[in-house]
Amino acid sequence: MRYISFVLLLVLFWIALSGHFEPLLLALGAVSVLLTAFLSHRMNIIDHESYPLHLSLKFPIYYSYLFGEIIKANIDVIKRILSWEKTPISPQMIEIPRSQLTDLGAVIYANSITLTPGTVTIKLSEDSLTVHALSKEVADDLATGTMSKEITKRVFKE
Amino acid sequence: MIIDILSSILLLVGAALGIVGGIGIHRFPDFYTRLHAIGITDTLSALMILLGLALQAGWSIAAFKLAMIFVFLFFTSPTASHALAYAAQHSGLKPKLDQK
Amino acid sequence: MYIAASLAILVTMGLALARALSGPTTYDRIAAVNMHGTKTVLLIAVFAFLSGRTDVLDIALVYALINFIGVVAALKLVEHGNFHTSDNYDGDVKEGEPK
Amino acid sequence: MFDVVVDIVLLTFLATTSVAIMRMTNLFAIVMLFGIFSLLSAGLFVVMDAPDVAFTEAAVGAGISTVLMLTTLALVKRSKAPYYDEAPKIHTAWLPLIVVIVTGSALIYGTWDIPNFGSADAPSQTHVARFYLENSLPDTGVPNTVTAVLASYRGFDTLGEVTVIFTAAVAVMLLIGGKRPKSAPKTEDEEAQDEA
């Protein structure tokens, strides 16, 4: 199932990038798709974590939320860059609890934190995340754990 | 017509955000804070520029390629930022923190 | 407006280049190189539309990936290769120290 | 017209980068700047209508060669000192300067004979190029003319090149690949990876 969808994805990708349908080129494309699939199989990189097929239906909901957050965070950072104050920023290092159970969930959370400007995940350990935040407000906001709850709700809830 | 105006606005705002990020990496005091400025150019600025171009391209292979460029940037930039921050911290580079 | 956008991107590239040249730490440089790469991708994308040859977008696509590979290779080395080389290096992490 | 502006700006960046590379002593920073250098020159190739060259430059110059140089740095790593030396001794290298100036002026003198960029009566436009542009698609069925010439019209030549590169790669791998030195103990997560 996983492999079938992976090969289908590769085929779609190949066709979309090439846009040619002559038999010779299609054959070359098929060879490259199969080679890629074989190599990925040998490298053992198509599994539950690296190719989360079971979550794919939930990603649109998650990304629509994430884009909202990214835009908000961008506006905040832009204001700080362009502000006339001498020190518009107050950098913080905070540790927040890792509330997701699975590794995949924790990585999604850490990734979301890094993607929103103003916060960068520095370290992901067994039970906490170390985050560098551009300002105290952002850090406090993150410490409330709203984002973590939202992600758990949107990605992992049935 | 509306699409043209919209895509111009997106393009110009995106490019302007790029410059803002560029100012940011010179204005902020240390490496970790500069990462946040780079975050702007990697997310919103890239998104707006590529979206503006995609509006011009319409439904075509070009639009698909733009979408792929965005997806790649979107997946790789947080990985790069995180790896960079982790490596910097691991090697003992101390962030300048607010002393308040 | 393509022209205005590409000029703005060029300015950003210049700013990133200045940061890459001035450092002060190696990490600043890598970050600036990464940003410079992203901006090159965008410049090529805008330029493809400016000149009306959208097949050039393939190159932007390749860049987006290559740039990432370059950065990750650099970081892999920084992390595993005893490579604590901020120019004003003052840490004392020993080789082989567990992470 | 605007092409020219972009050309000039990119060339300025390129010159700045190369001067910076020369003045820098940190090898790692130099490798990163080489990456920028490749990206900039590939950008120039795109502006000057040579997407194939830009492709190669992006993949080889910015990608593989950066990785290779970084790997080399890792292989020759020193145990303690960071990858930069003491500040270089200030002396003026007159001989290299003269050599560079002479070579540079010879090259610039050489460009006077080259036809202008994109001029229609340049030899490269008037001789065989037209034949390949018209015939490569029906002959080989490959849409990209450069690929058609490389892999089909001069396929034997390319085969020779590939053989040389392959031999070189095998030789290098025999020389430096081999077994990993046993002195470096594996970290825990590497072992975990091995087991997985």
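In this document, chain identifiers A, B, C and D correspond to the written order of the chains, with residue numbering beginning at 1 in each.
Note that a contact is a pair of C-beta atoms (placed from the backbone, for glycine too) under 8 Å apart; a residue touches a chain by one contact, two chains touch by 3 or more.
This is a predicted model, so every value here is computed, not measured.
> Take the average of all CA coordinates in subunit B, do the same for subunit D, and state the distance between these two points in whole angstrom.
Computed from C-alpha means, the inter-chain centre distance equals 27 Å.
> If you average the Cα atoms of subunit A and of subunit B to get two centres, how far apart are those centres in Å?
15
> Roughly how far is subunit B from subunit C, centre to centre by C-alpha average, rounded to an integer in Å?
So the centroids are 12 Å from each other.
> Report the inter-chain centroid distance for subunit A and subunit C in whole angstrom, where each centroid is the mean of the CA atoms.
20
> Hunt down the residues of subunit A that sit against at least two other chains at once, touch-wise.
17 - these are the residues of subunit A that touch more than one other chain.
> Quick one: which residues in subunit C touch 2 or more of the other chains?
Answer for subunit C, listing residues that touch two or more other chains: 6-7, 14, 30, 58, 61, 67, 83-85, 89, 99.
> Enumerate the residues of subunit D that touch no fewer than two other chains.
If we look for residues of subunit D contacting two or more partner chains, we find none.
> If every chain is a node and every touching pair an edge, decide which shape results: line, ring, star, complete or other.
The chain contacts form a single closed ring, each chain touching exactly two others.
> What pairs of chains are touching here?
A-B, A-D, B-C, C-D
> Could you pull out which subunit A residues touch subunit D in their complex?
Going by the criterion above, the answer is residues 20, 22, 24-25, 44.
> Which bits of subunit C are touching subunit B when the two form their complex?
Residues of subunit C touching subunit B: 1-2, 4-9, 11-12, 14-16, 18-19, 25, 27-28, 30-32, 34-35, 38-39, 41-42, 45-46, 48-49, 54, 57-58, 60-61, 64-65, 67-68, 71-72, 75, 78-79, 83-86, 89-93, 99.
> State the interface residues of subunit D toward subunit C in the complex, per the touch definition above.
Interface residues on subunit D, with respect to subunit C: 2-3, 5-6, 9-10, 13, 16-17, 20, 26, 28-29, 31-33, 35-36, 39-40, 42-43, 46-47, 51, 54-55, 58-59, 62-63, 66-67, 70-71, 73-74, 77, 79, 82-84, 184-185, 187-188.
> Looking at the complex, which residues from subunit A come into contact with subunit B?
Residues in contact with subunit B: 13, 16-17, 19, 70-71, 74, 77-78, 81-82, 89-93, 110-111, 114-123, 130, 132, 134, 136.
> Going by the contact rule at the top, pick out the subunit C residues touching subunit D in the complex.
Against subunit D, subunit C makes touches at 3, 6-7, 10, 13-14, 17, 20-21, 23, 26, 29-30, 33, 36-37, 40, 43-44, 47, 50-51, 53, 55-56, 58-59, 62-63, 66-67, 69-70, 73-74, 77, 80-85, 87, 89, 95-96, 98-99.
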